[in-house]
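The next part holds the structures, each set out as structure tokens.
Note that chain A is present in both complexes that follow, paired respectively with chain B and with chain C.
And then the complex of A and B:
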């Protein structure tokens, strides 16, 4: 009995290992290729014989990648902060306040989640044009400042907290904002982390929208710049430089993953969503 | 300190028609809680007692009526400006704060200085004997300790009025009786006006200076614990207060050579004695109910002198509690409970003669449910 159990375990590990390798192989290859001279890339070696930073150097010369990194960080951070603020405020109202139309508003918000972003792309673009926001950071931030997903997450989290906690805070003299941020927030940390991580990654990876509203290279986010670089012909058909740009693009998310690994897995598991 | 007065207070939930009286969670309640009084609001679950308390706290809007503290109307005042503190059933401590911070939080919001806060917290901690747990988070505390912190958080602000919403119902029986004593001590110690909501009549009877009994959003009676027990003003209060509950029998008053109460089954005939009040005489021939407490029905064999039995009934069950015994009889479809002092055991199935203590019987109008002989 014991033997069959360990055999089972062995088999399980083998399958998992193969699966893990399938995922990790292209990734390692990408890092290897980014360090390889152009001539070696086609050979599919996992690691180059003479690794060097040549690809990165020529990429930095060709495009303002450092600047776009900062742009991306600014945009993703601001979007995340705004989504946390608006999401928790709306979520709180929907979860804990009684007002006419509360359910309908909630259903409408949930409904908007089923609309793909592409559908609202054109109306959003026209709005940005009319507000004279094209080619500004606001154009990148505003359309993402409120997220139905975040509202839903916060509403669920707040609903799970006892009403008495809010009553006690009210008697202690808290106003509604203090209730949300001083009393409720510290008690829904997993939700905060989930929403923050998923929002940050989502806005970090956004390419389509920046391509539409930003033309000024100085304002471009990193994915936008890298995409333009890779498909726009400026890489002079050099695969190594494109790959180096891709590595740089993935780097912040990877670093974030290393730090918040536990929370990442929790977030994915708790939402059942994959972004 | 403070006097809390409620005048014609009602709570109508939105969506309910105003005219429909049954949809009122609180229906036209008026009473005054005197300065330094310990007032208990008691009633079955869903009677609106917690809603009433939350209205006093300002957590629930008052649909109709006037709420005043010391004569000043506070209907529209925010909860934090009413100078009221509340202790909740599930304690409602802030889980992310230490005991110290839980108590200090309200003072911080009111911009007390650090030294003032520290002094107040230490004083309160000393009063409630919890100096050792100040650095701990609520989840590491026992139920009793958490309750103490919740009380500490309330008294640290020295409010005019304390509200308690079933604060002991999450504790086990032993801790509950211990906390009851401590609450009494606390009330004497800080001499504040306290309003205490509970469904537990033992808590109500032992804690309250006066008790307000609520049912279906209406005030049934407001009186001292003893008066509620001895002189209930209606069928509901008579049945709600006391354990085991009062015995109720339906029957008629008949006049054949003196006045008698005759049970519907005619198995029981109780003489009303030589002087029958006119109010009762008026009910002759009409259906009414009588109520009598278990200790006011006596087994004739327990009395030394010969007494006249009111009826002879069969014992259906018998419980010996040690300090008292409960004997159950069946009378038609009713169960009659008798409480007697510890004596020899009673055999189930035997027939016993019983007698009702005449002047302890209450008479209840069958239609209105009001007690007829309350002021007789």
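And then the complex of A and C:
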């Protein structure tokens, strides 16, 4: 056993390292390129000879990138808060209460989860036009304020909690909202983290819907603004500024990932493991 | 139990909110309102739109089944479907093989698993916009890093995004690179559920590594394989931002995806009725494919 250890293990590590480099190297190259003068982009060297912030400076002059960062933060935070609020309320009712139509509602939730978004895309845009919500944050938030996935996650988490916990809280005079948010929430922390991360990342990265309902540059989310900057003429065909915009878009998520890697991976893995 | 609290409870007049019969409905009301406004109504409205011609500003015209007739003769729409299928044809098998291979390697007793897992996972969480801009540069014909690498070892340049026969597969490669980390994690979870006794028993009977993998591992992780196929099918059918940024659907419409075409019909040409028809048809197509896949899986099992 010990004999085969060295060579086989060495090969194993070599393959894994090459694979890891394939995923990391492009990001390092991207950060390097964002700091490089235009003439050096596309050269093989990983790091520019004279790194500078010129690309970032000219991008900031051309598009309201700082504004879009704040817009994205506001929208993603509000969506996440709403999804957790509504998800717990509906999930609690489905898990712990008996009422007529409970089963039907559950089936509707499962069905809507498998409904492709392409069918509701155009009608939802028209709804936004009719409600005069185009070019408002509400247009970005409302269609994502309730998530079937979050409801099912919360339902499952609440089902796992003992009824005695709820009965005791009720005897202490808690109403149902207090029971959900004060008594039950502290007991389902992993679910809270999972739903929060998935919702936040999902809405942070959403780009098709903002492209449809936001035209005012001051209200654009970051992925949308960066997309339009990259395909539009305002980058003056300069690669460096486009890459700089991409770096700024990637940075918040990458930093969060560095600190909360384990939570990110567990959350994402749980999406697939649901059924 | 404390009798005081029970008495207090009984004395207090239940407010409307506390009334047992109404309360559950109040709690589920956000979902009910949401599902009516953003799911039920849109689906019905979408169906309604498919029988109309409408540019969103002027009046609606009822045109019967004309939109459907147009759809069946719309070469560009079928090309978009074909492109999406070509994309899936490379994307799904490649994704399966690479992610299973990497997960298998990670499942050996090695050090540094968090590092490797994190590295593979990085592209999964970063916005598709970033990934697309990044690979747009890497795959450039003259200045792209990959072609420079190829020429430096004597291989001729490849028209990753400019060659009409290649472009959609380049996009499939990039999408695989982006998503593979997620499936590595799913496979890793699946692999860890295989009891080690099975391998030990097989070793005693003289099975080599490949035989162990084929006869023990593969059957045990079948559910994960099917899940990966279904997830990447649904993801692939939503292909939009990659061609939107990189190619705009070109060259020669070889990378236009179905979602990109639906988007263009609505927001470039303002054919709301026709775009809704495409969306309706496409959604039913996706659901059919996924249901068929699930049926096939159940049959296998």
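Here, the second predicted complex is superposed on the first by the 263 of 275 C-alpha atoms of A that agree within 3 Å, B and C clash if a C-alpha of one lies under 4 Å from a C-alpha of the other, contacts with A are read in each partner's own complex, and residues count from 1 in each chain.
The rule we apply is simple: a residue touches a chain if its C-beta (ideal position, glycine included) is under 8 Å from a C-beta of that chain, and two chains touch if they have at least 3 such contacts.
Predicted, not measured: the structure shown is a model, and the values here were computed from it.
Asks: Check whether A:62 is in contact with chain B, with chain C, with both or with neither, and answer first, second, both or neither.
Replies: neither
Asks: Could you look at A:183 and tell me whether it touches chain B, chain C, both or neither (first, second, both, neither)?
Replies: First partner only.
Asks: Quick one: is A:164 in contact with chain B, with chain C, with both, or with neither? Answer first, second, both or neither.
Replies: Touch status of A:164: first partner only.
Asks: Using the superposition on chain A described above, determine whether A:223 touches chain B (first), chain C (second), both, or neither.
Replies: second
Asks: Looking at A:172 after the superposition, I want to know if it touches chain B, chain C, both of them or none. Which is it: first, second, both, neither?
Replies: both
Asks: In the overlay, work out which of chain B or chain C sits against more residues of chain A.
Replies: C
Asks: Is A:122 in contact with chain B, with chain C, with both, or with neither (first, second, both, neither)?
Replies: Touch status of A:122: second partner only.
Asks: Using the superposition on A, tell me which residues of chain A are in contact with chain B and, in the other complex, with chain C.
Replies: Of chain A, residues 98, 170-173 contact chain B in one complex and chain C in the other.
Asks: In their shared complex, at which residues does chain B touch chain A?
Replies: 14, 54, 57-59, 78-80, 84-86, 88-96, 105-106, 109-110, 153
Asks: Where on chain A is chain B touching in the complex?
Replies: Going by the criterion above, the answer is residues 98, 162, 164-165, 167-174, 178, 183, 186-187.
Asks: Once bound in the complex, which stretches of chain C touch chain A?
Replies: 1-2, 5-6, 8-9, 17-18, 21, 23-25, 27-28, 30-32, 34-35, 37-39, 41-43, 45-46, 49, 56, 102, 105-106, 108, 110, 114-130, 133-138, 140, 143-145, 148-149, 152, 177, 181-182, 185-186, 189, 227-228, 231, 234, 237-238, 240-241, 244-245, 248, 258-259, 262-263, 266-267, 272, 275-276, 279-280, 282-284, 286-287, 290
Asks: Quick check: in the complex, which residue numbers of chain A touch chain C?
Replies: 9, 12-13, 15-16, 19-20, 22-24, 26-27, 29-30, 33, 41-44, 86, 89-90, 92-94, 97-99, 102, 105, 108-109, 112, 114-127, 129, 142-143, 145-146, 151, 170-173, 175-176, 201, 204-205, 207-208, 211-212, 223, 226-227, 230-231, 239, 242-243, 245-247, 249-250, 253-254, 257, 261-262, 264-265, 268-269, 272-273, 275
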